[in-house]
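In what comes next, chain A is part of two complexes: it sits with chain B in the first one and with chain C in the second one.
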Partner chain A sequence: MPKRAWTSVLARWGIVLLVSLITLTPVVWVLSLSFKPPQEWLAYPPTLIPRQPTLENYLVLFWPGNPVGVVSEMVRTAEPVTRAFINSLIIVPISTALSIVIGFLAAYGISRFGAGGNFLPFSVLTTRMFPPIAFAVPLLVYYRSLGLIDTHLGLILMYTTFTLAFSLWMIKGFIDGIPRHIEEAAILDGASRWRVMFTITLPLIRGGLAAAALFVFIMNWTEFLFALIFTSRFAVTLPVQVSRYAGAVGRYYGPQAALGIIASIPVLIAGYLIQRYLVRAFTFGLVK
Partner chain B sequence: MAHKEQVLIRLEGITKEFNGTIAVQDLNLEIREGEFLCFLGPSGCGKTTTLRMIAGLERPTRGEIYLRDQRITDWPPQRRNIGFMFQNYALFQHMSVYDNLAFGLRVRRVPPTEIERRVRAVAQALELEPVLNLRASRLDLSTMQRVALARILVIEPQVLLLDEPLNNFRPGLRELMRAELKRWQYQFGRTMVYVTHDQEEALTLGDRVVVMNAGRVEQVGTPDEVYWRPATLFVAGFIGRPPMNLIPVEYRISEGHAFLISPDFEMRVDERRALIEASSFLPRLILGIRPEQLLIPDLHASSHEGLVRIPAKVDLVRPLGRKLILDLKTRSGLLIQMVTPSTRRFAVGDDLEIAFHPHQALLFDPHTGQGLY
Partner chain C sequence: MRFPIQWKLKWAEERWMGQLLILPMQLLIWFVLIIPMLIVIYLSLVSWQPIMGVDWWQAPFAGLSNYVQAVQDPRFLTAMGRTIGLVLVAVSLEFLLGLALALFFHQQEFPGKRIFASILLYPMMLPWVVVGLCFYLLFLDKGPVNYILISLFGPSASVQWYQNPILALMTIALADIWQWTPFMFLVIYSGLGALPPEPVEAAMTLGANRWEIFRYIVFPMLKPVILIALIIRTLEAFKIFDLVYIMTGGGPGTSTESLSLYLYRTGFIYGQLSYAAAMALLVLILVALVARLAVRPLEREL
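Our next item is the complex of A and B:
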C-alpha cells in the first residue's frame, strides 16, 4: 500500500512536471534571452543562465542608440517603445471596456427578451468565422476614406467589434445561468428593468464579467495583424513594435524578448486582480 | 377578519395561451379579503400561470383582473403591490439578509429611518435578527424561506402569492414548515394565495381550495366541500388517499322503482331519480364511495338496515398502524379499496362482505364528469 501510494505520487508529479516544462519553457527561454548579449542569442549549445547578463536589451527599448553598446548600434533607427506602450494602454482597456459593456447590454436583451430573434446571436459570430485577413482589404478602404488609419479610434472600434462576439456569448451564458425568478422578485419589489439589470443581475455575474474582460483584454493586447495593417506611426501597439526589432541581417532577439517580458506585465497584473472573481465565476453554478 | 367576505381580487374569464397551447382556460374566481386560498392540481394544470397573472408577471391572453373593483389587467407588477414568494425563494444571493429585506423599500424611496424600523420589525417577528448581516447565499432552507416571506411582508402587500414554497423540504420538515405558515397567516392576517400539488397541504392550509386540471377550474370550495362533495370525477379521483372508489353502474327502472345495478350489487335510488334522469349519458353512471365510508357489517352490529352489501375477497393488506388499507376484489373482478381500523386481522384470500350507506354514495355523469347533487 505505501509503495503504491509512492508510485502514484511520483506519477502525478511526473505529469505535472512534464506539463509545466512544456508550457513554461518558452517563457523561461524568453526571460533568459532578454538578459543575453547578442553573441549568446543564438549560441550553441544554448545557455539557460546568460554567461554575461546585460540590461542593454531593456535599456535600448526606451533609449535606442543612446547608451553605447552593441545592441544599441543595431536598433538605432527604432522608435522608443514608450509610444507603443502608451498606445496599447489607451487602445486595449478602452476597447475591452466597450466590448464588455456592449456585450453585457446585448447579451441581456438576447437572454431575457430574445432580442433580434434566433439569428442575431449567431450572426454576431460571423465576424469570427472568416480569417481576419479577409476583412483587412475592405476595411482598409473604409478606414482610408474615414481617416481612421493610424488612429487610436480606428483600432478601438476594430477591437471592440471583433471581440464583441466573444464577450456577448460568454456573458450571455452567465446571464442565462441567473434564475429569472430573482429578477422577477426584484421587479415585484418595485424595481425598474434597468435597476434590476444593474443592482441584481450585474453583481451576480460579476465573476463572469471579469473572466470575459480578462479574456478580451488578452486578445486585444496581443492582437498583431490589424495593428500592423492599420497603423504606421502614431497608433502603433506593442505587438507591432516587437516586430520592428529586425534588421537587414536578421531579428534582434534580445530587445524582442525584453519587450515581450515588459508587455506581459500588464496582463499579469490584470490577471492577478481579476483572479478572485474568476474563482467565483466557475463556482457560480451552485446558486440555485 | 371582519371583512372576510369582501372580494379583494376578481378574475374574469381569464385565458392564457403560450404559442397556441392553452395553459389556463376561461377562469373565473374571486379571492376574498383575508382568506387563505389554495390552488391545487397536478403539475402543468395552470395553477402557477394563474398566480403569475395575478402578480402581473404574465399577461392574460383574454379576460380581466380586478383589484378591489379596479381593473389592473394592464398594470405592471411594480404597481400592483403584490408579494410573490417563488418556489426557490429567489433571494438576492449577493446581498445580506438586511439588504434583501430593505431592497423593496429602498426602491420605493422610503426614508432610511423608516426602512430601518420596518426591516427590524419584520425581522423580529420572523426571528431573523441573528442572521440580518449574513449573506443570503449562506442560509439554510428554512431560514431562506423566512427571509423570502419577510422580504414580501416588509413592503406590506395587498396579497401574498406563494408558489409551492415547501417543495424543497424533506417530508418531516415540510409538515413543520406547513404549521409555521399557517401560524404566520393568523399572525399577519394577510390574504394568501398558495399554489401546491400536495393535496394534504391544500386541505390543511386552505380556507378554500381551488382544484385545477388541464387549465380549468374543477371546483372551488372549502376543504370539506372538495373532499366530501367533489364537483367532478377528476376532483373525486384526485383528492383523498387512497382515492375514492369509482364504480361503473347502470340506471334501471323496475316495477316503478329506480335502481343502480352493478354486477356486484344493487341499490335503490328513488329519492335521487330527478337528479339522475337529468344526466346526459344514461343509463351509465359512476358511483363514488370513499374507502373510509366502506364498512364490514358484522363488525358493526347496529343499523344494518338499508346497507348496500358487496361480497369480496381480500387481495392485499396494507397496515398503517392504527388503520389499514384493504385491497378487495369483487366477484366481477372490480378492485375496491377500503380503510378500516386495524382491530381485526385480515389475510389475503379471506372472503368478506363489505357495505356502505346508500346516502353516502356520490353519483357522477361519466360523460361530463359532473357530480349529480
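Our next item is the complex of A and C:
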C-alpha cells in the first residue's frame, strides 16, 4: 500500500475512535462509579475499573436502611427510590398509550378528512415550541383548583398533551404514506369507514405506531420540569428522584451514579429499538 | 354543479367522522393548553401570590406593572442574555461538529460503520438530568477531568469548575453539546443519504474539487434539512433547565441561571406567580417572533 493511503487509514480510525471515546466516556465513568465503594469515589488517581467492585450503591437505593455495608450507614436517612420507580412505571406507559391512541385518531382524521383544517396540526406544534415553564405557571394555578397537584392523573394529562405533537405528526406521516386506493377498494366492497380505519389502515402502520410509542415513551420517561413542579411526595417520578437524591444524600456519588444508570436503561433500550425512525421522530416527520 | 345525493351523504358522514376523530385531541388541547394560556394572560395583569390568601380570580388588578417590572429586572434580562448566548454558542458548535461528522461518515467507508454511527446516537436518549449528573461528576474538584489536567500540566492545573461563572457555564454548554451534536449528525447524515447522486457525479466529471462540490452542490440541496434541524434545536436549547438545575443550580450566586430556571424560581420557589406569568408571556412573544423569522427562509426553500 502506498504511504499516503496508510496515513489516511490511520487518520480515519483516529477520528472514529476519538469520537466514540468522547461519546462513551461520561456514561462509562458513571457506570464505573456506580460499582465503586465509598473510598474509591474520589480516589486519587481515579481508576476506570473499580478495585473492589460492589453492588452496594444499587442495593442502598431500594433499601436505604439495609444492615450490610458502609454506604447504607452513610445514607440511612435517604428515602428509597422504589416509589419513584413505580410511579414512572405507571405514569409513563399510560400517558404514552393515551398519546398514541389520541394521536392516531386525530392523525387519521387530519390525513384522510382534512379535519381541523390547516391550523390544528400546527397549533399542536406550539406545545413543543415554547419553553414548558411558560405553561407550568398557569397550569399550577389551574391544577390547584382542581386538586390535581401531586397526582398521577395530573402528570398523565400533561404528558399526554405535551407528547401529542410527536405522536400526531409521526403517525400522520405514516398514514399519509398509505395509498388511499387501498382503503377505497375496501369501501367499494361494503366496509364502513370505521372498519377500514381499524382493520386496513391500522395494521399497515403497526411498525410505525410501535416506533412512535417507543419515542413518546422516551420523551415521557425523561421529562423533568413538570414532574419537579407538579409532584412533591406521592407522584414523584424517576428524574425528580435523581435530582432529589443528589440533594438528599449530599456527596454520596456512588448511589447517585447508580440511580442515573437505572433511570437510563429503559430509554437506551427503547432508543436502540427505534434507531431507524429517530430522524422522523425528532423532526416531527419533517425530515424522513 | 349538482352532486348526487349519495355523495352529499358521504361527505356529511366523513365530516362528522373527521370531527369525532380529532375531538379527544381538541379536548386535551383546550384543557392543558388554551385555558391555561387564557389564565396566564389574566394572571400577568393582576397582582397575585398564593401567600396572599385570596383566590387568584379575586386578586387586585395591576395593569401592566408586572411587565414594567420585568423589563427593568436585571436578573431577568441577564438570564435572558445568558440563555441566548448559551444557545448561540452551543447550537452553532453542535451544528459544525454534527455537519463535519455527517460528511465524514457519508464519505468514508470503514468496517463497523453502522455500529459506530449508532454509538454516536445514544446521548440523545438519556434523561437530561442524567446527562447533567454525568458531567457534574466529571468536573468535580477531584473528578477525572481535573485528574487529566493535573497529570498533563502539573498540580496547579486543577480547576474549580463550579466556582467560576464562565467555567461553570462552559461545563453546562459542554454537556449540551455532548448530548445534542448527535442530533445534528443524525439529521444531516440522513439528509445526505437521501440526496440524489447524479449532481455530485456530474460535478466530479466536470472536475470540481471537494470544497466546490460541497459549497455549490451538496449544501444548497441540504439547506431545508439543515434549517429544520437548526430551528428545532434552537427552540429546544432555549428551554434549557434540567442541566443547569442539576449541575450548578444557577450558581455561583445567580451567575449561571437560565431563563427557565429564573422563571421556575420566581413562580414556584418565591411564589410570585403573577410576575412569573408576565415574564413567561414576554418569553412566549419573543420565541414566537424568532420562530416566525426562522421559518420564513424555510418556506422559501420548500
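Just so it is clear, the second predicted complex is superposed on the first by the 229 of 288 C-alpha atoms of A that agree within 3 Å, B and C clash if a C-alpha of one lies under 4 Å from a C-alpha of the other, contacts with A are read in each partner's own complex, and residues count from 1 in each chain.
Rule of thumb we're sticking to: contacts are C-beta pairs under 8 Å (C-beta built on N, C-alpha and C of every residue); 3 or more make two chains touch, one makes a residue touch a chain.
This is a predicted model, so every value here is computed, not measured.
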Touched partner set for A:W63, first chain B, second chain C, both or neither: neither
More chain A residues in contact [chain B versus chain C]: C
First, second, both or neither for A:R195, with chain B first and chain C second: first
First, second, both or neither for A:W6, with chain B first and chain C second: neither
Contacts of A:L204 with chain B and chain C, given as first, second, both or neither: first
First, second, both or neither for A:E184, with chain B first and chain C second: first
Which of chain B and chain C A:V141 touches, first, second, both or neither: second
Partner chain(s) touched by A:F234 [first = chain B, second = chain C, both, neither]: neither
Contacts of A:F122 with chain B and chain C, given as first, second, both or neither: neither
Touching both chain B and chain C, residues of chain A: 287-288
Footprint of chain A on chain C - complex, ascending: 13-15, 17-22, 24-26, 28-29, 31-33, 35-37, 39-40, 43, 50, 55-56, 101, 104, 108, 110, 116, 118-131, 133-135, 137-138, 140, 142-144, 147, 151, 178, 182-183, 186-187, 190-191, 194, 225, 228-229, 232, 235, 238-239, 241-242, 245-246, 259-260, 263-264, 267-268, 273, 276-277, 280-281, 283-284, 287-288, 291
Residue ranges of chain A in contact with chain C within the complex: 12-13, 15-16, 19-20, 22-24, 26-27, 29-30, 33, 42, 44-46, 102-103, 105-106, 108-110, 112-116, 120, 123-124, 126-142, 144-145, 157-158, 160-162, 164, 168, 193-194, 218, 221-222, 224-225, 228-229, 238-239, 242-243, 246, 253, 256-257, 260, 263-264, 267-268, 270-272, 275, 278-279, 282-284, 286-288
Contact footprint of chain B on chain A as seen in their complex: 179, 181-182, 184-192, 195, 200, 203-204, 206, 287-288
Residue ranges of chain B touching chain A (in the complex, touch as defined): 55-57, 76-78, 82-84, 86-88, 90-94, 103-104, 107-108, 137, 151, 155
